[in-house]
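Okay, structure first, notes after.
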Amino acid sequence: MTMTRPSGRASDQLRPVTLQRQYTRHAEGSVLVSFGDTRVLCTASIEDRVPPWLRGKGEGWITAEYGMLPRATGTRTQREAARGSQGGRTLEIQRLIGRSLRACINRQALGERVITLDCDVIQADGGTRTAAITGAYVALVDAVNFLMKRENLKRNPVVGAVAAVSVGIYQGVPVLDLDYAEDSACDTDMNVVMNDGGGFIEVQGTAEGHAFRREEMDAMLRLAEKGIAELVTAQCAALAEG
Amino acid sequence: MTMTRPSGRASDQLRPVTLQRQYTRHAEGSVLVSFGDTRVLCTASIEDRVPPWLRGKGEGWITAEYGMLPRATGTRTQREAARGSQGGRTLEIQRLIGRSLRACINRQALGERVITLDCDVIQADGGTRTAAITGAYVALVDAVNFLMKRENLKRNPVVGAVAAVSVGIYQGVPVLDLDYAEDSACDTDMNVVMNDGGGFIEVQGTAEGHAFRREEMDAMLRLAEKGIAELVTAQCAALAEG
Amino acid sequence: MTMTRPSGRASDQLRPVTLQRQYTRHAEGSVLVSFGDTRVLCTASIEDRVPPWLRGKGEGWITAEYGMLPRATGTRTQREAARGSQGGRTLEIQRLIGRSLRACINRQALGERVITLDCDVIQADGGTRTAAITGAYVALVDAVNFLMKRENLKRNPVVGAVAAVSVGIYQGVPVLDLDYAEDSACDTDMNVVMNDGGGFIEVQGTAEGHAFRREEMDAMLRLAEKGIAELVTAQCAALAEG
Amino acid sequence: MTMTRPSGRASDQLRPVTLQRQYTRHAEGSVLVSFGDTRVLCTASIEDRVPPWLRGKGEGWITAEYGMLPRATGTRTQREAARGSQGGRTLEIQRLIGRSLRACINRQALGERVITLDCDVIQADGGTRTAAITGAYVALVDAVNFLMKRENLKRNPVVGAVAAVSVGIYQGVPVLDLDYAEDSACDTDMNVVMNDGGGFIEVQGTAEGHAFRREEMDAMLRLAEKGIAELVTAQCAALAEG
Amino acid sequence: MTMTRPSGRASDQLRPVTLQRQYTRHAEGSVLVSFGDTRVLCTASIEDRVPPWLRGKGEGWITAEYGMLPRATGTRTQREAARGSQGGRTLEIQRLIGRSLRACINRQALGERVITLDCDVIQADGGTRTAAITGAYVALVDAVNFLMKRENLKRNPVVGAVAAVSVGIYQGVPVLDLDYAEDSACDTDMNVVMNDGGGFIEVQGTAEGHAFRREEMDAMLRLAEKGIAELVTAQCAALAEG
Amino acid sequence: MTMTRPSGRASDQLRPVTLQRQYTRHAEGSVLVSFGDTRVLCTASIEDRVPPWLRGKGEGWITAEYGMLPRATGTRTQREAARGSQGGRTLEIQRLIGRSLRACINRQALGERVITLDCDVIQADGGTRTAAITGAYVALVDAVNFLMKRENLKRNPVVGAVAAVSVGIYQGVPVLDLDYAEDSACDTDMNVVMNDGGGFIEVQGTAEGHAFRREEMDAMLRLAEKGIAELVTAQCAALAEG
């Protein structure tokens, strides 16, 4: 095919991915994740409380919040705290992050505590939610390890790895890990969350322009499988350090 | 397979679907859609204005709002107007409905006007968002036909049909059109929106329990294709009346 | 007198009234009430809790909420949940419904529980608050009967019937049960809530144009007494079924 | 009758009423009204604008806002500005004040301007809304006179006087102008707004305990007529000064 | 120097100050303070509860709220309760008042209770926050004395007097107690809160036009010391009555 | 004196200060400022609009917003966007930043545009507002230089440098640039904003424990003067690069 991606990447090529642990010092887990120019700070905070509807059940909870600094984007976006509410896009993304990370945790083994994953976008260039999930997993493991050391948990509540990537149809061609230039011009955009066993946790595909066909969907899912395998490798490498 | 659905339906069987047009008299389109015990009132309202960011561009907009009457559910849920904001689930669903319906409209042909699709759940038994999309399409067509008669539009802005259905893995078996009993106990839940040409508009799959495999996904997509073909037939039949 | 009502009704004639019980299946009481083209869904929901200021006092509470579907009206009105608050008119109406229904309940006999009456207007053509009160009474009785069967209450907490109707001065003539065409053009509008013993529970009269005289008020009250007697008969008939 | 009012007043006796004009110096009208220990500051503010829905129609608008200082009451009530919204009671009262004062104004003669009546309760002892209406009328006349002097209006837009009083059934006896001790213990409470020609502008009666009978209503209305005549006299006397 | 203040006052001269105790009858302390045309009603309300973070610690809390009646000012300002939130200026002022008054209280001696100081501006002419602090101190002492009589506290929790005044540079000259005409035209505005021992509790200086020099700051602080000494004398005199 | 600061610094010693320009790539100015472990991202965004009250006046505006990432602090603080409003502390700080930066800009020379300074705390260890002001100045200069290059402004609107530092009394000794350990235990805390000409722009001193004396204030102001001179040097050095 003769399509050229704006970044010059191959159609099945991720952007450079970095996972910088201990980026800030207060949080039990703190990771700056970069997917190219997209940079998201993911912190994991442990609190010894559970939501009211979980009290006394002997299990914990994982929740997520997502934010975008006002000038993470090309033009300034209004601060949600100043506007007085979180928008629909923000709520949708943080619900997705929370569900995705809960899929890799045994909540009984966690015990009656909450781990909150705050994912704040420092700089945006497409794919902030998939970078957030990928980085939040590493922050979550760091927080759980902190807990394991201090609390002598009987079992490790982390039951697998979780990573996410976007795929899409750009100028008729399935591509992996869309950046902003591709995302704003693509026909179809799909976010895929998977575990390290090759199972699907979330698939969210949207036709922006024309509806997509089954064979396009299959091609996108294959790209996502490839990308996520590489992301899981990067997560393992980051966690193996220090 | 020996699994029995709570409703006794076959695994590829929709609930009885009805689409009652002109359910209320003020709206340009007004449809009560039932998927079994799930009943949603979908109204389409035409306004001769566009959002600020579309002014002077010669094209229109389709938007949607979703609500649930407090006692549409088994236990009363708090009224969002009383609470002071729409929840994340509501925002997510109404964004989905709006995107889905925009996929079947030529916005230039619509001209500078907005059609708002209000989807209010009178009674809930699972699948309210897919029933809403399926019913809203019929209300939208009625509203467009109202406009065609009155305004002498040059072209019909409706460029295809849109319908939606849920599929899932219930007790290990892929099933079509989950009701509440299945939805609250299933392993995987996927909402699929398609057009009448067999193209995908939205695919949103979530692993509630264990992650799902590619072959399960394929089976679910096949069920969705079958169900949506039946729903499109029901939409056509409803629109052919009167 | 030579005045003709837009609907052709006699000045002391109600619109056709229907009270359809068990309209939805989850609520302990669920009634669709119609006063002509005005249709309001009234559900009664029982919860085994009381507001904080009633805890430990051995008595219950009746409360009401009121809503209007966005396209219940001739032009679409903004959804209160989307706007972020209930308007003054909504709060005023739901306070009125709550006070009216509390007047027919012995709160000691009810015990420590709350019954919430949700009155949602499906279609509006004037008189939505009086239809809501009239229908909510029937839903409340159904909910109390549900409770009597299940809980073996010693006494029936319902101590009388409550119904409501509007009266007004239209083109100089006192009329009963104003529809929208009359309501938007009348000089005086009065909502009257009474019990089945002929006692007044609420009287709310407003001069829209010129101030009204004592003799006009007397004439309106006589019409209200007649109309409410007929509404109480309709309530009894509806409750006698099934 | 042997009933004694807590204040020792006769059943048809108002509390001492004072209307202190020019209480503050910035507002075009500023009146401190006292009904006994109830003290309300009523200011009238003129603005040369109209609400959007009145633009270009050549007529003005009268609106009202009502507030209660947190410690106007026996125990401190939460500040509505701190809570983030005005309660249902506040909205209901300010809508009543606005409607009542609009009844004495010719809006064409007022021209395209808004007069806002702010009624803030400094000290509460029952009857704050009726005191507010009675005082706001005097502030409104002062503001209109300010406008007449400065703007050379062709006609005086004030077309009559408006005053308000509460009546009720206290220990079985109809009484005029309830104070807090009576209000919190009465069976029925009715607020009556009338003009100086003996016409009714608003009647809002509520049975707190047992439903009230027609003859009780008639007795209350007679008391209201007497009280309002005295209030109109007090308004005239206050306006005749200075 | 030849500068003349708009009010004709000497540069080190306060406006006439009055402190009228028992201005309203419900609050445990209630003071109307006037600094010239600036009039603020300060009430002190005692509640036998503490904020959650102080429970069981055996100490109390002092908090403050500030409000401005809509027409306290030359042109009407929007009611914060209607707008749905307190503005930044309001929050800043009430935080200042609360901190200032806490500086004169021994919270252990107060015991587990909260005293709330509500400072509501009836009429504004500059210096509302300094008048509020000065008046709130007198209301606080009255409330504490009420408590001492009723509760037989072992120690008086009031450990000193607190007063506040503004100073500024007006037309190049340091002046004491700016009124609105000066405040809106001055180069520098400084609010100073001190105790009766000559210690500083708060100093908040802002250069409105050019930055101010150390020697100007020194001159302003000397004026503040003089003014506050006079205000403390006025507070003592007011408290010595009755 | 024998007092030892928790950090081991001399009493007149700043923490290590860094100003990293072009920290993110979208904003016209983007600076990560560190005062020791306190790290604040300051971005300057130019928009070609002015607030309504400045339209047509030929001058611009500088405004600021402040935020704290939820886990910038030792324990997680609630996200203001999730809570639905900015707290009093946030509003107070962003008002201070805005006023401070406006003091170094000629608004006529800026022309009809707004520069918004977003100061987001990535990691907090005391002194976030003074770090924010110091960093925001550098971001503002970068944004103005961007504008000068692109727009060929006649004059440079920056008329001086602005920096800020905190000073306090810690264990009886005046110290410069308090970190969190000192800030939470000090008797007095003062934030000082000055320009590069030695003029004061803001002085905000608060006695946390005992009131402070004039001589203590003088000592603190001298420390502030020294610290700000060093900060201005650091700003110049950062701006001289690149």
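Think of it as A, B, C, D, E and F in the order they're written, each chain with its own count starting at 1.
In this text, a contact is a pair of C-beta atoms (placed from the backbone, for glycine too) under 8 Å apart; a residue touches a chain by one contact, two chains touch by 3 or more.
Heads up on the chains, UniProt names are A, B, C, D, E, F = Ribonuclease PH.
Since this is a predicted model, take the numbers as computed values, not measurements.
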Chain pair among C-D, A-F or B-C whose interface repeats that of E-F, sharing over half of the contact pairs by residue number: C-D
Farthest chain relative to chain E (centres taken as mean CA coordinates): B
Distance from chain C to chain A - Cα centre to Cα centre, in angstrom: 51
Length of the line joining the C-alpha centres of chain C and chain F, rounded to whole Å: 59
Inter-centroid spacing, chain E versus chain D (mean Cα positions, whole Å): 33
Residues of chain B whose C-beta touches two or more other chains: 84-85
Overall pattern in which the protein chains touch one another (line/ring/star/complete/other): ring
Cyclic ordering of chains (reference chain B, direction chain C): B, C, D, E, F, A
Of all residues in chain D, those that touch chain E in their complex: 24-27, 30, 37, 39, 41, 43, 45, 47, 65, 67, 69-76, 79-86, 90, 116, 118, 120, 122-124
Contacting residues of chain C [partner chain D, same complex]: 85, 87-89, 91-92, 94-95, 99, 103, 190, 194-195, 197-207, 210-214, 217, 221
